[in-house]
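Have a look at the structure below, then the notes.
Per-chain numbering from 1; labels A, B and C assigned in written order.
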């Protein structure tokens, strides 16, 4: 981050007059806050109210239909001492994040690098590789995923060619989570596009200069592409982790919304959703949500702390 | 995008290049099949008799019928075209909102110094982290008090108030990748922050702006839960709500209509993507030259 | 909000609505009424047919809004919690206690005999809409739990269809015959219904027990739960049912993922009013039969369940008008013809008689099934207590899967199901 402040820097003449403290505060802060006005209005007008309400509700019993009752820390106490489903859903979610996020990012980066080369037919490839992300997690995908990963599904037909007899991947408690991880990886389109945009933003003359110096493609990747891409890699890692923790729709649609089979796909937000809307315990669900917030915030803060060691910003 | 490689092209290098290119195409084509399979499957599901959709695992229908497209388009009380128009209105408005307000906020976070900046940035990121399920009801109460229920406003207005922290963060990261010398030079010339934002930052940020436009369009187009909660008059339904209206898994449903209309709703997003990704590429080319 | 008004006028699809609204007689009639229900396109078509008819006759425009079952409940809860309750609410047997005890739906008693004529209404269906002695829902149709049978698969295998006398003990022999004659790869005789609450309830009732008492306690013992899981463990071992992996494909009781639709079993659980929906997604002809008996001659497991209700939103300012519309919906012959038996068998005797001749084959089958349960029919149980949903799904489903995948023995499964169900009921009571 720079120490230059636009407001002060651009008015060197005024220093002679020694403006008042307020004047200087205004000059130093006004531009930033002016640019932030729409966001501030949205934050205070639309966002913060519901967020604080949910924090309040996490200390209550709230059945959606009658006014909430204050219960202090009872919800949190139950979550940490008497709720095996909390532990199970946390385990499922951590596994999901740990595998889907790195693999998805690796795929996205590799394909983006491939698609960034000068090759024929690239727009078509780019569109095709983005296609799975267009499909989202719809009812159609749920039906399709079952046809792919059931015992007599396409995947097992393929494996049978090699003499392997696979399980019914999607409905076996040991493998069902992996079909959702595969789905998440398969929908790598968004980080891919962001990587592509990042690669595109790297000035071409840097490569030209490097190849004049005789640097190999490989060296150019390590010395130019990768460092200049770190802000984007960082962004994708942070965002995908947050989204991974909040992942809801695939499990909701594909595994029927109840974590079947045997809670093996009971994602954290799925459990939270059940508590809120199926079991009428919005207070409890709010407490779950704030615990998730704390965990995600911890991971995010941690990545921001480490970012100064590997993320390269323009100086 | 051709790199001007100024080395002599020995035969060995040409061969290596060719082999690489062939290998790359093989990978890409193989991958494409994996990516296209679901689309082909959906297409086949939309063309086959409805009572075959679930029992048959073959991708080829036994007979082809376009009935589903007819019953899908006309079957609901409101024509599917209405849902398309509604989705276009919402998506277009959301793109405008996100591009304008998120870039303003991102510029502040990326380039301006002000008191409390890290705090606001953390707050901004924090809004990404709370699962929407628990803020849904308070938000509904808020919009209900504003008399916005059953209009597009709950879907659109937040975008004009930069409520989508994802895009702010995205733009911040890209703005920080733009060389500071450029805006410092502009600053020396006496440019105001507004002019730096408008004349320096935005022109250099076409890739990320296009990316944001693409994502906003697709995500708004695909959004289901927001419209489900805030829209109840069928004439205000978006395409995703329309799609879900065909099917209830506990009762008689129009599955053919669902798959047929799913195919049709993919067309606009796909075309949008094809068109704008071109912009994304061209946009960068000019960036490179300006440097 | 000019935007909205303009759009509405611009997009007013069915001009009949507008015209009817304009022509309405200048009586103290509500002009608009908000209705919310769950269903797919077929149910929406029928429902809107009736609302159009009503608008034409009485001038009240009914703004209908619907969603699939799974999406419906968060939408409804959000509207009510947000102070924007619809006037007329489609309600499920499972949730009526929940909404009634929390005063989100209003008692209807004051309208009975005035706006609402229930003189021809089936008494057991009327009883089913009562919570703590007050009437909170008008049943829109009676149905009963049933097993669907794939007639073609049975014929091909040379196995006679199960009859109303078939017991669970008959299934292994039937399965042996089916498995040897079956020409369809991977198809078993029966789906594994050990996770299915209506199946368990039917089993308990045949044993003289029930799921819940009227004061929200468990009305069965650990031994009953163990016997239930043991019954299915034996059927699995005898090759009667599909594999646990196949059964788990059916993760949310959706028609499109049941074993019969996927072609993995020749029989699956369902409700009688779903026959039409199942048939639409299945190529082979289907029919329906009662759940097997636990022993020869044991009966009383089935009951005629209100498939769904209409309830009146507690905050509705036009409750009398809503009651009048409900009356039209259940009692008008023309409306009845439009609705058919899609929501279940009409509870009003005159409506039932009026529509019977015009029904298609599947609807006829459902009607005759529900009307001819004979000794299988038992009394209506009290509406399930408010935590019943959590016990049915996920608890019963999870425990049954743990048993079928071999993670628990039937004894452990039964014991855990009983203990955890009791804990859930206790928690709900606070």
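Basically, a contact is a pair of C-beta atoms (placed from the backbone, for glycine too) under 8 Å apart; a residue touches a chain by one contact, two chains touch by 3 or more.
None of these values were measured; they are calculated from a predicted model.
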item: Of A-B and B-C, pair with higher C-beta contact tally; value: A-B
item: Most distant chain from chain B, judged by the mean position of its C-alpha atoms; value: C
item: Length of the line joining the C-alpha centres of chain B and chain C, rounded to whole Å; value: 39
item: Centre distance in Å when chain A and chain B are each reduced to the mean of their C-alpha atoms; value: 15
item: Overlap residues in chain C, where contacts from two or more other chains coincide; value: 70, 74, 77, 81, 252, 254, 256-257
item: Contacts with two or more other chains, residues of chain B listed in rising order; value: 53-54, 137, 244, 247
item: Per-residue multi-chain contacts in chain A, two or more chains; value: 64, 143, 152, 276-277
item: Interface residues, chain A side, partner chain C - complex; value: 61, 63-66, 143, 146, 150-152, 167-168, 170-173, 176, 255-263, 274, 276-280
item: Contact footprint of chain C on chain B as seen in their complex; value: 49-55, 75-79, 82, 136-137, 140-141, 144, 147, 149-152, 228-229, 232-236, 244-255, 257
item: Chain C residues touching chain A - in the complex, by the definition given at the top; value: 70, 73-74, 77, 80-81, 98-99, 102-104, 186, 243-249, 251-252, 254, 256-257, 386-387, 389-390, 393-394, 397-398, 401-402, 405, 407, 430
item: Contacting residues of chain A [partner chain B, same complex]; value: 2-7, 9-10, 25, 28-33, 35-39, 41-43, 45-47, 49-51, 53-54, 57, 64, 111, 114-119, 123, 125-136, 138-141, 143-144, 147, 152-154, 186, 190, 193-194, 196-198, 200-201, 203-205, 207-208, 211-212, 214, 228, 231-232, 234-235, 238-239, 242, 245-246, 248, 269, 272-273, 276-277, 282, 285-286, 289-290, 292-293, 296-297, 300, 313-315
item: Residue ranges of chain C touching chain B (in the complex, touch as defined); value: 1, 3-4, 7-8, 11-14, 34, 36, 38-45, 48, 63-71, 74-75, 77-79, 81-84, 252-257, 261-263, 274, 276-277, 280-283, 342
